[in-house]
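Naming follows writing order (A, B, C and D), and every chain is counted from residue 1.
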Amino acid sequence: MPTALYRLILALLLLLPLAANADDASDFAVANNSQQAQLLESWAAQPVPARIELINSLQQGQLTVDGQTKTLRLNNRLRGLIDTALASHQLLAADPTLRLSAAQQLQKSAKPAQLKFLDQQLAGESDSDVHAALSLALANLQLVDADPAVRLAAVRLLGETGEPLARTRLEALLQPGVETDATVHTAAETSLAQVKRKLLIGDLLGQAFSGLSLGSILLLAALGLAITFGLLGVINMAHGEMLMLGAYSTYCVQLLFQRFAPGAIEYYPLLALPVAFFVTAVVGMVLERTIIRHLYGRPLETLLATWGISLILIQLVRVMFGAQNVEVANPAWLSGGLQVLPNLVLPYNRLVIIVFALAVVFLTWLLLNKTRLGLNVRAVTQNRNMAACCGVPTGRVDMLAFGLGSGIAGLGGVALSQVGNVGPDLGQGYIIDSFLVVVLGGVGQLAGTVYAAFGLGIANKILEPQIGAVLGKILILGLIILFIQKRPQGLFALKGRVID
Amino acid sequence: MLEPILEPNKDAGSSRDAIGLGKAAGSGLNTRHGTILTLEDISVSFDGFKALNNLNLYIGVGELRCIIGPNGAGKTTMMDVITGKTRPSAGQAWFGETLDLRQMSEVQIAQSGIGRKFQKPTVFEALSVFENLELAQKTDKSVWASLRAKLSGEQKDRIGEVLHTIRLTTSAHRPAGLLSHGQKQFLEIGMLLMQDPQLLLLDEPVAGMTDAETEFTAELFKSLAGKHSLMVVEHDMGFVGSIADHVTVLHQGSVLAEGSLEQVQADERVIEVYLGR
Amino acid sequence: MNQPLMVTAAQKAGPRLTTLAGALILLVLLALPLLSLLPADSPFQVSAYTLTLVGKILCYAIVALALDLVWGYAGLLSLGHGLFFALGGYAMGMYLMRQASGDELPAFMTFLSWTELPWYWVGTEHFWWAMCLVVLAPGLLALVFGFFAFRSRIKGVYFSIMTQALTFAGMLLFFRNETGFGGNNGFTNFRSILGFGITEPGTRAALFFATVLLLVVSLFLGWRLARSKFGRVLTALRDAENRLMFCGYDPRGFKLFVWVLSAVLCGLAGALYVPQVGIINPGEMSPTNSIEAAVWVALGGRGTLIGPLLGAGVVNGMKSWFTVAFPEYWLFFLGALFIVVTLYLPKGVIGLLKKRADQ
Amino acid sequence: MKRRSLIKAFTLSASIAAMGMSWTLQAAETIKVGILHSLSGTMAISETSLKDMALMTIDEINAKGGVNGKMLEAVVVDPASNWPLFAEKGRQLLTQDKVAVVFGCWTSVSRKSVLPVFEELNGLLFYPVQYEGEEMSPNVFYTGAAPNQQAIPAVEYLMSEDGGSAKRFVLLGTDYVYPRTTNKILRAFLHSKGVADKDIDEVYTPFGHSDYQTIVSNIKKFSAGGKTAVISTVNGDSNVPFYKELANQGLKATDVPVIAFSVGEEELRGIDTKPLVGNLAAWNYFQSVENPVNEKFVADWKAYAKKHNLPGADKAVTNDPMEATYVGIHMWAQAAEKAKSTDVDKVREALAGQTFAAPSGYTLTMDKTNHHLHKPVMIGEIQPDGQFSVVWQTEGPVRAQPWSPYIPGNDKKPDYAVKSN
């Protein structure tokens, strides 16, 4: 298809006076900002196929005047106009998909000056999708048409869309004194109602999604803790630093790719996962063997010792990587988002993280309930001495369990590096939330942790729009404190005969 | 040396503010009909599993009752119910005629005159033996009182007596944590004596004791019986035989048989339960 | 901690020796402010810097003591004592701000274009009411929180995490400008207290004296508590709460009492801290500070009263020195300290010294 | 028992020895200058590079023979992002180390914490960061921007045609004093430009906020109502998640430009800038400005970073606060030369009207009265390489208005520095 397009353009170029292109270029080159703006607007109003190349290069910030190319200093205004101009030129393209995207772009940015041109295009448009999109773009402009019938049609059309813009346009129309014609007025009202309904749906879905997304992040942050704290009873204050290490290993993997495999850079997160898991797991196990194992059964001491560890890890990273944040880029397949509704975009990185979080939970569950290690871990956590008597190598089990917890934190770190910043203090921001999630969920309860994480996430996102982020967070903390009063054992308490 | 049960306590009064800053209560107990503990149709279930199942049990004033039964029969759970640690899902639990145990907190129950000795001896390891007994002593146990508390001469004597009774006089000032298992058992019993409750619940009191100690314990309990009511859970049949006039057999959360040791040992079902088929 | 608690140094030593030691320490401390009043050129003159630094450390020492009461004796590790400290400080700060601003509103309020004082500022121009707030604000908060926490038997780690969440929430709240406590800038630029210039050497010396006095009083208080039956009940509570209940004690009351007492001590310490360092802001409530306080206690030795004071002194003294000598390595050192103490000094420095003494 | 009292005494002596330390550092024929920047804690992320910049500048001056024939000797202390510690360390620098001048502080609260100390002991502090104004102490020289040297020109640009002639504004900030004040001033300014309250949306997030989903989608909603610009006073760490969310929710700079007041080259090091191209920042200096002074400045810095292998030296960047530090130290040195002394009062006098050819390409002047620099204002567009390209700038340096005319009551404030107590 593209080749055909090029052929077409080529043909057109032959037909048209080649000068046109050159002239435009030189005009643009000599013009100052506001003149350039006017130029672009006029081009948008009367597109010429020959100009498409020029505009394309303008969009790249390049301008070629008699042979030599120079880079332009564009600003946002010009960029916007260039996009519009390009769109209206692309309407002339042979490729319907190209025309469609162009029409959609114009729905946002079409200027009254383009009205005539769009009319012609609409008349000549064969492809039905493009036709629909185009008529919508047109409708936006026709709201101010002299003929009530046209306005009525336009208003009706806008009612069909869930566009936030349509809403404002209709509201503007409904301003007292703007719309004189009664029928159009009523039609506008109904359309506005429709649009509002569509928008509301989008908003609600959006809120739910962001709740889930936040929940999944909390979950990844807290899951490792649920193991080290829940199963081993270690208050691992250095857990946040495990997240941090995970994120930094992502950074290092990214660097390696940049240096050695720039081609495959897109997929560095995939390699980062095992690396991060391994690194943090090893660090965790070393810590367990050297320090934490002396402190089993003394949770408060583990709290202090691990806090010390976290201080050291933070400063270590500061010395090695510097106090500044380091850059971890989203690969293409993790940037941008999925346009579900006109007012609802689901960012890919968040979608992926939600799935990833659930996957990690599932694997952890498998590991704990379906493997020898899991059996041992559960045995040790229920009765250390008994397990030891049954020949369970408690030492090794502790080490592995702690390694597992840290490793999962590492995985969480990889995910965090895709949504937030990567700096020495990264972990500090998550440690308190993680603990609250675990405590709220009920210690030693994977399921509880999951529910707590998503519960907190969604609650947070429901509160935030109402009372703002700051009060929201405070309120959540308050609620948790109250909840723990009510259910000291968390959501999922183990009932049973109470023994000292 | 032990005051009569029915003598109403000086600082009587069972209503205290929620956080226990007020006065302690040792209520004058109403035991008009001669039963000190009444359990009727008590049921307790943990996530479906019925630990107690329509349990009925009556203990008379001054009685020494032994409870036997295989593991998981619900002995300890029953004690938890009596001491308010576990709430029954159904049934009645009365201490004397007037006190509804289901409505009372552990502390209230303890203060109203039920003492408990745990299966695993638990004493205050950081404190000296003497201090352990001092804390257990029957007196006003509110915060303010404790702040002002000063040991009177007679209280000291009382502690001395008990120390003597449980044969720990020599190690009165050692931290309880350093005592042997048996000694801890005795210390805990001693603490019960200091507490001077009307009803003593003893969970496997002679576990880990030498024969001599066991014998001595038996004597001790017998001497207590009459003035106090005792409920002893024990596996050691010899011990049971040496003290019990009346034995209750628990099985799967309800009473299987009751009567003198001979009677129950003769009972078919009991044999079945214990020996299996 | 389940290992037997080492009987407090005080108990061991007996009243006479303790008072003697107290007198010695007191002498050293009381000398400082007097020396600070000497003319600058005299060789014995103690600079305002030294005085405020030591004064600050003494305030921390009081916090450590207060924490020791709840952690060392009742076994409740609070990671939220910074909140009580800060509340006391803020109460005092309110008074100082009113002193500084005279009849107008404090600067930061005019700045939010508030026209009159919020209700909770009413009366703060009176020193006596500020003092009441110093006690009431932390006291009441502790009472309410403690009441719920202890009623539902929250203890151990749960308690620690809850207190941490509490102080974190407090910090967020005070960071808001709209809360009416100067946002993250907090209160600074004090001028006078009870009419005396805050930077006068005399005022400094007086504040220092007050701090020493408070320290001594709270030490005495703690020592009396530790020796009373109340103290023994707390210890019992820490080691076997259920047993204690079956002995007929209601743990809640005991916990609540010592918890509130400790909070109030922190509040008072905060109130003395603010005029000496010249600033109070929500940073004081950050969980980090409270955790650091825990390590002072751990380093000195839990349940020894003297130990925590020692710990606070050593750690902060070190801090002042390290952050000048090798700034980069301060955190390494602090971290290592946390680890070493928990691993090798479960009973803290005092424990170590005692062992030596016993051998 | 003796032992215990000894220990106590030891504790004290330890803390006293702490101060003693600094004397040992003292060398004979040098002028001591204090550097008061957090090297640990949350602010280390921003302040560490200022410490290094200060050291570099001091080397530079010493290489030229120092000040009044004496070498400068830097005394570096770490207030560890702990505000009371700032006051303590400030006092230490002034009383124990007897430094002639102190360069330091980043956050307003740290400045406010040391201010009373400097006024009490008549010290001299150079403060290199843009701030909310509302302060003018005779003991402080402010080399960063006051609101009218950053915020207001930025908004004017956004409202201009080239800026996209924005009609609606989202004032987004971290919830603390600088954003609150700046936004207060901006709101008043926007009102004066005839922008109605319904077209201004003020949003705050807590420190370290990392989840901007709701906020970004709200911005989208808001922007449907007309050409919208976001004015961000979001603090350091929260910027990365904010920009990532912007990019991923498909909010392009052409639709809704974001102009930031606390995002510079240093911060961009931590962000993947490709999706951000076109978003703006307002400063008084950008690394990308082309002039000989700046080329030397940048080159020197890169060299210094390499030589002392600072972390991330390979991609060391300069930014506005670093330039302000550099300028401040040089101006102080010049003033000391002029005054032939480092006595605070003499130097203060000499500083009035002091000029210096700054890397920004302008000759900056220290105002005769208000202790603030006259600074040019530049609007930079984020480039893919993490640099800014200047799209707009004021004709020349602008005089600072620390007491913003847009805050009621400020008109009564004097235009010269007076002690706050």
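Operating definition for what follows: contacts are C-beta pairs under 8 Å (C-beta built on N, C-alpha and C of every residue); 3 or more make two chains touch, one makes a residue touch a chain.
Since the model is a prediction, treat every value here as computed from it, not as a measurement.
Participant: Compute per-chain Cα centres, compare each with the mean of all protein Cα atoms, and return the closest chain.
Facilitator: Per-chain C-alpha centroids compared to the overall one single out C.
Participant: Between A-D and B-C, which chain pair is linked by more C-beta pairs in contact?
Facilitator: Here the pair linked by more C-beta pairs in contact is A-D.
Participant: What is the chain whose Cα centroid lies farthest from the Cα centroid of subunit A?
Facilitator: B
Participant: Measuring from the mean C-alpha position of subunit B to the mean C-alpha position of subunit D, what distance in angstrom results?
Facilitator: So the centre of subunit B lies 72 Å away from the centre of subunit D.
Participant: With chain centres taken as the means of their Cα atoms, state the distance from subunit A to subunit D in Å.
Facilitator: 31
Participant: How many angstrom between the C-alpha centroids of subunit C and subunit B?
Facilitator: 43
Participant: Just give me the whole-number Å value for how far the CA centre of subunit A lies from that of subunit B.
Facilitator: One centre to the other, that is 63 Å.
Participant: Of all residues in subunit C, which are in touch with two or more distinct other chains?
Facilitator: 2, 151, 172, 175-176, 240, 242-243, 328, 331
Participant: Hey, what residues on subunit B touch two or more of the other chains?
Facilitator: 85, 118, 122
Participant: Going by the touch rule set out above, which residues of subunit D reach two or more other chains?
Facilitator: Expected reply: 39-40, 175, 204, 206.
Participant: Of all residues in subunit C, which touch subunit D in the complex?
Facilitator: Touch list, subunit C to subunit D: 9, 13, 17-18, 20-21, 24-25, 28-29, 32, 47-50, 52-54, 56-57, 100, 108, 110-113, 172, 175-177, 182-186, 188-191, 199, 277-279, 281, 283-284, 306, 309-310, 313-314, 316-318, 320-321, 323-325, 327-328, 330-331, 349, 353, 357.
Participant: Which residues of subunit A touch subunit D in the complex?
Facilitator: Interface residues on subunit A, with respect to subunit D: 33-34, 37, 73, 75-77, 79-80, 83, 108, 164-165, 167-168, 203, 206-207, 209-210, 213-214, 217, 315, 318-330, 335-337, 339, 343, 345, 347-350, 418-425, 428-429, 460-461, 464-465, 468-470, 473.
Participant: Give every residue of subunit A touching subunit C within the complex, in rising order.
Facilitator: For subunit A paired with subunit C, touching residues are 229, 235, 237, 291, 294-295, 297-305, 307-312, 314-316, 319, 432, 435-436, 439, 470-471, 473-474, 477-478, 480-482, 484-486, 488, 500.
Participant: In their complex, what parts of subunit C are in touch with subunit B?
Facilitator: Those residues of subunit C that touch subunit B are 2, 4-5, 147, 150-151, 225, 228-230, 232-233, 235-236, 238-240, 242-254, 256-257.
Participant: Residues of subunit B touching subunit C in their complex?
Facilitator: Touching subunit C: residues 16, 18-21, 24, 83, 85, 105-107, 110-111, 115-116, 118, 122-127, 131-132, 134-136, 141-143, 146-149, 175, 177-178, 191, 195 of subunit B.
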